[in-house]
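Take a look at the structures listed below.
You will see two complexes here that share chain A, one where it goes with chain B and one where it goes with chain C.
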Partner chain A sequence: MSHTLDVQHLSKQFNQDLILSDLAFQLKRGEILSIVGPSGSGKTTLLRILAGLESPSQGSIHMYGKEITFQKANRRDISLVFQQPLLFPHMTVQENITYGAKLAGKKNNHKISELLKSTGLDRFKSYFPSEISGGQQQRVALARAMATEPEIILFDEPFSSLDPKLRQQIRYWVRDFLVNQSITGVFVTHDTEEAMIMGDRLALFHEGKFQQIDQAEVIHKHPANSFVADFLGGHLVIDEQNYVPLKECSLDPINEQEARSYNGVLQHITYQNGQAVGHIFLEDLDHKISLPLEKPISGEEVTLYIKESSIRTFGGSSL
Partner chain B sequence: MNIKKMTFVMLALLLFIMPVLLLLLQSVSSPWRFQSGESFHFQIESFQVLWSAANLLEATLWSIVVGAGVLILNMAVGIAAGKALSTLSFKGKPLLEALFLSPVLIPVLAVAMGLHLFMIQAGLADTALGVILIHLVPTIPYSIRIFHNSYAQLGKHMLEQPVVLGAGPLQQLFTVELPLMKPAIRSVTFLTIVISLSQYAITSIIGGGRIVTLPMIFFPFLDTANTSVMAAFAVWFAMIPLAMYIIVEAFILLLPYSRMPWRNTR
Partner chain C sequence: MKLFNNKSVYLLIPALLFLTLPLYGFFSAIFQSLSGGDRWTFEYYLDLLESTRFLSSIWFSIRTTLIATIVSLIIGVLITRSFYPYLEHHVPRLLVWLPMLFPHFVWGYMIILLLSETGLAAQLLVEAGVLQNSSAFPIWTRDPQGIGIIVTYVWKEVPFVILMLLPVYGSIKPGYYDLVKTLGGSKFRQFTAIEWPAIFPVLIETALIVFSFTISAYEVPALMGTTFPEMISVLSYEWFYGSGWEDRPMSFAAMVSLSLLILAFSAAGFSILQKKRWRAMRGRSI
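== the complex of A and B ==
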């Protein structure tokens, strides 16, 4: 069976800048891919090209074996949820949700009312967008994209305007919806935690390329390069070739012959998931790490100890 | 009522309602002078003079036909050009914007004189179509400007959202763009019809006396000192933009997703 989405040699150039460089990936039906990377790395451009709002400089996009590279956006069975809700202000909540479904001839009153219920917007269905809160607006925008029941839904950081609690809820709701309807999803974010929750696979995007695509666990255990290790934050990058998992670093001296040490400054202590986390700047490596603290530390000067045997080499599952 | 509301009502009464009322009263009363000691004399002779003016009905009809034609063309060109200017980026865009505005920077009469020759060659002189086209010169720059601003205000993403949801260009125009640009449609309606109605010189040059519009029979009356007749004329004149506005407003109500004023769903 051919892939739902098959992207080959995709490149995009703006003037002199190469935004996307020879990208390639495939998605199976119902699979959810999280693309994570720093802001401004071109993730949004990739989504816009997949949605048909922009055309690539090179490369091809196939959906179920059929080329759609130059197909118009409104003819593609792909929906895009933008960062802002972008609701139509002159339509009620219900009309907004029905809009796309009506155009696609998929209007189904039962499904619409199901969507209204599951988003908790039933009570607000005859309200106008200006009369509901930002979080509710974003839920309407999600429901509107889902109501068209496309083959693929692309998400461009759709939860960034929600508060953490609501964000948590909606993440699972969106994920469950995609899984139940076996809709293929591409989810762009700069939040690694969100990327891991939403995606079956994780793609780390940087400098117009995927640095690594794999399951979160594999990427975490075997980062492909220093960017991946640094971005995920679970490792201490020693140089371009070598890294140490943070859990094998210690602030206490190690009774071993072959160990090395780095001097650092404890800049902050924060508390996450019931654990004190020390934010340490390592002067020798010009690098910042966040390390769980097992016991209270006095003073700012700290020394980080690493066993030589803990040092690993990059080169995990690349592309 | 708070102070702000009060001020608004007072200003509206003073600057808008009162003059209109005075105009209406003057049209149905004898000429009246300040401190002349005369009281209000009801009369409708002024309207009789108006009716008796040769080809008043014909001129009214031509004014409506020309006004409607100018409005339709302004909408079509304004929307297309406005959308292109706000969504496309290309080299020389500022120059093009300046060119679109240039017709109002050059005296219309100068343009009309030049275009007259072209109209004669093209067989458009002395025709309604010719008059409609020449009326585009003083109106279209404003329409393009208004729709350009309107599209810019909607923003690029709001225009992409319907596309992503599967709307074709026409569906998008009628379900999203036009309903959200109602204020612009209203402005363009009033502006173009009033400008078109007040053109005297260019209408007579291109119309060649065969297309007679209201100003052409209005102007000879300016000589009379009879303010009642002038008022009656002004009232008659004002009916056309008003009627057109009501018609356009009805069309706006027909747009998808319009809230009927008498129907509130909640």
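== the complex of A and C ==
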């Protein structure tokens, strides 16, 4: 059976700037792809092209084998959840959710009331958007996209305006919904943790290209290049070819002949998941790392020790 | 003294001071229309209701004004939504607003020069061979249908409608159009879901302003109208400055009736905009 979404040689140029360069990927039905990359790298442009809001300069998009590259947005069975909730201010919560379903010809009162319940918005269904909080508004926007029951839902950093706790809850709710309904999803974010939670696969996007697409574990174990290793944050990038997993770096001298060391400055300490994390600037590499601290450290000057055998090559297959 | 603790009472004072003279005029008109010498009477109002001249006039006024108002609003909306990105620039905006700079009387005179049977349009059509002679040109000024009055007001009020709508169109987030597209909505849906709710409250307000002004203004119907039926303002003027004093209370009664009509329209418009949905649209606390 053909892929739900098949993207080939997709490029987009604005004036002289190449925003997307020869992108290609496929998604199976029900699969969720997280696209993660720095802000302003062109992720939103990619989503807008997939949604039909912009057309690509080159390349093709197929849905279940049928070409939709130049099909209008309102003819595609694809929904887009924007960064802003964009609720209709003159419609109540319930009317906002129903509106999308009505346009898609999929209005089902039972389903709408299920969505209201599962989003915890049942109590607010006759409220207007100006009467509910930002988090609730974003949940309404999510419910509105879901009520249209599209083949594919695209998410453009939809949780960026939510507080961390709410963000945590809503991530799992959205993921469960997509999995239960077998809806294919493309989830764009600049938060790697969120990308790993939401996506079956992770695509690291930088300079108009996917630097690597794979499961989070594979990418973590075998980063393709220095950008991937640096962006994920679990590795110390030594140069363009080599890196060391942070868990194999130590602030204590290593009792081994084949070892190297780098001088650094401990800039500050934060606490995450019950553990102290030292944020260290390595002067020799002009690079900053965050390393769990096993024991308290006195003073600002630190030395990082690495076994030569721990140094790996990008795209290699050690481990 | 709870009444004076309420700030809104103080906020009303400047408005009341400003309105002293018009309110005095209005109440004195009511007084005169109800005064039957040494007693109160509704005689003049009853006379009005029996006067064919008044009834034709008020019907002609409402009909002409409603047509002018609705056509102005429709053309204003069409121009604004088609050209608002251009209208944000200075030169096109000035061109659109140009008719607002001329007094209504001047604009009416211009319409006569343009559209009368011996006007520019008629002569051009004769020159072009479309018409045999200028008398074949339809009567569009000083006509019993009020076409000249309608054309003058439409031309004059469309820029005002655009002036009211431009900020509304400018404040619509472009993301909403993308949203409706991705939900499967056509261009028509984009209008009904995004633009209409945004412009509706402004259109109601603009309609009230244009309607009240058009139905009560004097100079354009005096210049462009016929002697029968005539707009209510022209009739009132004639009654007021007529040969005898006896018609004056009728003039006051006609004007008071007109004020009540405008008041009723305004109350209806206000009550629509006070609905929760439209208050929510404006982001007001509900």
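Throughout what follows, the second predicted complex is superposed on the first by the 315 of 319 C-alpha atoms of A that agree within 3 Å, B and C clash if a C-alpha of one lies under 4 Å from a C-alpha of the other, contacts with A are read in each partner's own complex, and residues count from 1 in each chain.
We adopt the following convention: a contact is a pair of C-beta atoms (placed from the backbone, for glycine too) under 8 Å apart; a residue touches a chain by one contact, two chains touch by 3 or more.
Please read these numbers as outputs of a predicted model, since none were measured by experiment.
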{"item": "Side-by-side fit of chain B and chain C on chain A, or clash", "value": "clash"}
{"item": "First, second, both or neither for A:90, with chain B first and chain C second", "value": "both"}
{"item": "Partner chain(s) touched by A:234 [first = chain B, second = chain C, both, neither]", "value": "neither"}
{"item": "Which of chain B and chain C A:129 touches, first, second, both or neither", "value": "second"}
{"item": "Which of chain B and chain C A:80 touches, first, second, both or neither", "value": "both"}
{"item": "Touching partner for A:103 - first (chain B), second (chain C), both, neither", "value": "both"}
{"item": "Overlap of chain C and chain B interfaces on chain A (superposed complexes)", "value": "51-53, 72-75, 78-80, 82, 84, 86, 88-90, 99-100, 103-104, 144-145, 148"}
{"item": "Residues on chain A engaged by chain B in the complex (per definition of touch)", "value": "51-53, 72-75, 78-80, 82, 84, 86, 88-92, 95, 99-100, 103-104, 126-127, 144-145, 148"}
{"item": "Residues of chain B defined as touching chain A within the complex", "value": "157-158, 160-168, 171, 175-176, 179-180, 257-259, 265-266"}
{"item": "Residues of chain A touching chain C in the complex", "value": "48, 51-53, 72-76, 78-80, 82, 84, 86, 88-90, 99-100, 103-104, 128-131, 144-145, 148"}
{"item": "Chain C - residues contacting chain A, complex", "value": "173, 175-176, 178-186, 189, 193-194, 197, 276-278, 280-281, 283-286"}
